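Below are two complexes that have subunit A in common, paired first with subunit B and then with subunit C.
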Partner chain A sequence: MANIAAQRIKREFKEVIRSEEVAKCAIKVELVDNNYTELKGEIAGPPDTPYEGGNFVLEIKVPETYPFNPPKVRFITKIWHPNISSVTGAICLDILKDQWAAAMTLRTVLLSLQALLAAAEPDDPQDAVVARQYKENLEMFKLTARHWTNAYAGGPSVNPECDDKIKRLVDMGIEEHQARVALSSYNWDLERATEQLFS
Partner chain B sequence: MAEGSQNVTLSLAEESSINEFAAPEARFECPICLSWLRDPVLTCCGHRFCRNCIQGWLLKENACPVDNMKLNKDSDIFPDNFTRREISQQKTKCPNIVRGCLVELSPLDVESHLLVCEYRIPDNEKLKCNFANVGCKEKFEDEPQRQEHLEQNVQQHLLLLSQMYANVSVTPIQENASSTLAQGNFWDPPSKHDDEASSSTTSQSDNLQNLLRALYEKIVFLEQKSREQDIIIANMSEQLSNFQQNYCNGTYIWYFNDFSGKIKAMKDKSRTIHYSPPFFTSPYGYKMCIRINLCPRSPDHIALFIHVMKSGHDNTLEWPFTGKLSISIIHPSQPSLSIKDVMITPPNIEAFKQPIGDLNQKGFGYAEFALLNDLIKLGFVSNNQLIIKATASTI
Partner chain C sequence: MRPLARQELPTKAVFYSKDTSVSHKIMASASEDVETTRGDGGESPNTKDDEKKEESLLECNICLDTAKDAVVSLCGHLFCWPCLHQWLETRPNHQVCPVCKAAISKEKVVPLYGRGSTKQEDPRDKVPPRPAGQRTEPEPGNNFSGFGFGDSGFHMSFGIGAFPFGFFTSTFNIGEPRPNVGPHGSPQYMEEQFLSKVFLWLALLFIAWLLYA
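Right, the complex of A and B next:
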């Protein structure tokens, strides 16, 4: 890895570790290998959003050309969000693409992602299904996102109705995550989800 | 891969030791490399960078990395000689000043100076990281530096440890496998395919698995068995204590413990009554107990009564109970002082009728058996214990 990238990441790593957000448990970074090319990030779901109470794990890959190119970041924790793929965790955020600037750091990236959770951009979606639900039925979107936060990110809000519908599909032999995706995509309409799964 | 990562760690190690002495002020820091501005330039939007850093950035972008202002790499970048002069005047002392190096130099030159400084500690005399054994290459000039390194690199050290663990944890199992196997065979019936089993590693680990499973099953079995035994022992000791009461043949000695405490409680609450454990006049005889309380009429006296209790075989007995009863308070050291009273059951009194409840409400005995003060004065109470004896026999 180019020297400048390693040096910078090492400095930034210290910056994040010492930042007040870490003290408040809002963000966190950990090393994955000891040559600073891959890191594990973690952000707390922002308060007053469906993601509140959840912890979202991120994969951060630092390219050789860092900081001239942005770090490659994706969500490891499954999440229901218009700008994040519910399948791959890929993120649609301008600063991770064309709006990256060399003066940005790991800390600002993590804080931007946290801000993205609080303010989705459905008009620039990564996940079209989620984005459509967000625009057409905001309450349904919030319910689904909250359920996913509970199921994958350790969020506190349990929705027995969702769990029940998933269980019914699981009882039919559908894998749990697949059942959750189908139900989430069809606004928790059990009949339509079943139809899609078995057609 | 190993070599590559080592190189990186080494260059980081030197980097950080400079940092401790020369972390730049914000206005001297390049936002791209986060180090001291080297050959500083100023953009038309008012931001400073190292010349190399911003040129590298503008090769692929055409905007300022800080505020996104459009920048032309040829016309919007100017040498910042003012800052260059300021930085060159920032004289930093060589980190080796603690060992006598008096050189003062620009922070930009510290790195190159350290490599040649005659006061530098030779690499082999530096303090090693406590995690050197597992591959941390960092070295330190003094203890505080090492401490700081240890605090800041907890995760990296854990990572090294876990990598090392992944490597070593396999070897001892394989080395010890034969001895563990031997122990395993000690318990297990010999394998039918003995030769194959000991030859390949996979079947060794299979055997280990089997041994573990067998041991686990044994543990479960033994635990269950020990639980059963516990229950049997508890039942037997309960039966045994019943036997003592059943087979006392009408002579029961009651060790009345915590005498002073109980007497005080009885004085405080005059209705307090204590009953002895039950005893039988014969194995299938009458069930009785002794009752002690303070005489309600004159609380200086101890009252002792015998109560008839309900038992499973009451219907086989003759009622009312007729016979001889005696109550004594035994002197612990001088038997001649013991107080004894013998009573013959008078006919037609409530106390000896067949009990309806657990115990006949009425007892038979003495409301003023002995003076409390006498008992204490004459030394009946020893070790805070009073010995009461009752005998009951049918006529």
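Right, the complex of A and C next:
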């Protein structure tokens, strides 16, 4: 990829490295391979959201046609968010699709993703289950998202009740993540989750 | 030389930001910093910084390099022509400015000709061709000499007789010098070609109608 894409990514690195804006929301980019085609991003959960205190790792793949086409980004860290698949980490964000513009950079993409964590769009969902919970039971959604942040992104907020329910399912021989997904999908109703898992 | 540690940074960029907008100022200060690490230390850091700030103002918004065959959109954003051309080709049905998403098109892009920067060669010979500058003739002054003599740009036409014949004469431009054609390949030229074809067909249809009527 000895072309404009590699050149651009190199320049973007140079330009963002030395941003002296040391501030609240941390963003990080690392190279995964040496030819600038794959990168690892990291964003901190925005304050005053269920994601606060968590660190979310992203997979960034730079296509050969970058910057004329957007980078392919997905969450590696599991996350409970209406616009991000809780299974694959796929992201539903317009600027990563048809609203991409060639002047956008890795920096603006990461900042946009951080903004997405702070402002979900449940009417344009990637994960229908999460989106439905968001619209029907916002408090339950926040609780679940906080729990996932704690479980997968190193968030500080521990919810003993959730952990207890998961442990009961694990004791029944269910894998931990599977148990968490089932409980999250059924608003932490242990009975219904169990029913679904054993049906 | 400045500390070597900085040159290793490209493999690991850690940055923090508060605002979510791409600020030219921030980009400028970032690049100026990087550039100073490359400097040989011969100049004072301040002069160098100022120079680099100036330079980054002339960077293409797509490749982030100094703009080559520079063009400017009507919304004022600077690009290399090859970069912008490729962007427009990528989404032919949805042509927007890569910076501000204003509607743009090949026709509405202005090339920049710096004094020292353009060589004798025509930039349009390059691939992809850069759009031509849009140059409109100034209004002719009051000092025209006579009627229809010379190339003063003053044209008169008299319509005599009934409608069809007036139409006829004007269709064939009898007795009138033709206005200057636009430069080859320019939008104006294409338009004129198209119009002349349309009128030729109209005239042929009209003659056919006259014969059969």
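Convention: the second predicted complex is superposed on the first by the 192 of 199 C-alpha atoms of A that agree within 3 Å, B and C clash if a C-alpha of one lies under 4 Å from a C-alpha of the other, contacts with A are read in each partner's own complex, and residues count from 1 in each chain.
By definition in this document, contacts are C-beta pairs under 8 Å (C-beta built on N, C-alpha and C of every residue); 3 or more make two chains touch, one makes a residue touch a chain.
Quantities reported herein were computed from a predicted structural model and do not represent experimental measurements.
Colleague: With both structures lined up on subunit A, is it a clash or a fit for subunit B and subunit C?
Modeller: clash
Colleague: Looking at the overlay, does A:107 come into contact with subunit B only (first), subunit C only (second), both, or neither?
Modeller: A:107 sits against subunit C, while subunit B stays out of touch.
Colleague: Looking at the overlay, does A:6 come into contact with subunit B only (first), subunit C only (second), both, or neither?
Modeller: Once the two structures are laid over each other on A, A:6 reaches subunit B alone.
Colleague: So, does A:14 touch the first partner subunit B, the second partner subunit C, both, or neither?
Modeller: After superposing on A, A:14 lies in contact with both subunit B and subunit C.
Colleague: In the superposed arrangement, does subunit B or subunit C reach more residues of subunit A?
Modeller: C
Colleague: Contact-wise, after the overlay, does A:33 reach subunit B, subunit C, both or neither (first, second, both, neither)?
Modeller: A:33: touches subunit B, not subunit C.
Colleague: Could you say whether A:81 touches subunit B, subunit C, both of them, or neither, answering first, second, both or neither?
Modeller: Touch partners of A:81: none, neither subunit B nor subunit C.
Colleague: If you stack the two complexes on chain A, which partner ends up touching A:146: first (subunit B), second (subunit C), both, or neither?
Modeller: Neither partner.
Colleague: Give the stretch of subunit C that clashes with subunit B in the superposition, choosing among 25-33, 43-51 or 79-87.
Modeller: 79-87
Colleague: Give me the intersection of subunit A's contacts with subunit B and its contacts with subunit C, in residue numbers.
Modeller: 4, 7-8, 10-12, 14, 17, 30-31, 67-69, 101-104
Colleague: Per the contact definition, I'd like the list of subunit A residues that touch subunit B in the complex.
Modeller: Within the complex, subunit A touches subunit B at residues 1, 3-4, 6-8, 10-12, 14, 17, 30-36, 67-69, 99, 101-104.
Colleague: Can you check the complex and tell me which residues of subunit C touch subunit A?
Modeller: The contact residues of subunit C facing subunit A are 6, 9-20, 22, 26-27, 29-31, 33-34, 61-65, 77, 83, 86-87, 90, 94, 96-99, 101.
Colleague: Which bits of subunit A are touching subunit C when the two form their complex?
Modeller: Counting only subunit A, the residues touching subunit C are 4, 7-8, 10-31, 65, 67-69, 98, 101-105, 107-108, 111-112, 114-115.
Colleague: For a test of understanding, state which residues of subunit B touch subunit A in their complex under the given definition.
Modeller: Residues 4-5, 8-9, 11-12, 15-16, 31-35, 53, 56-57, 60-61, 63-66, 68, 152, 155-156, 159-160.
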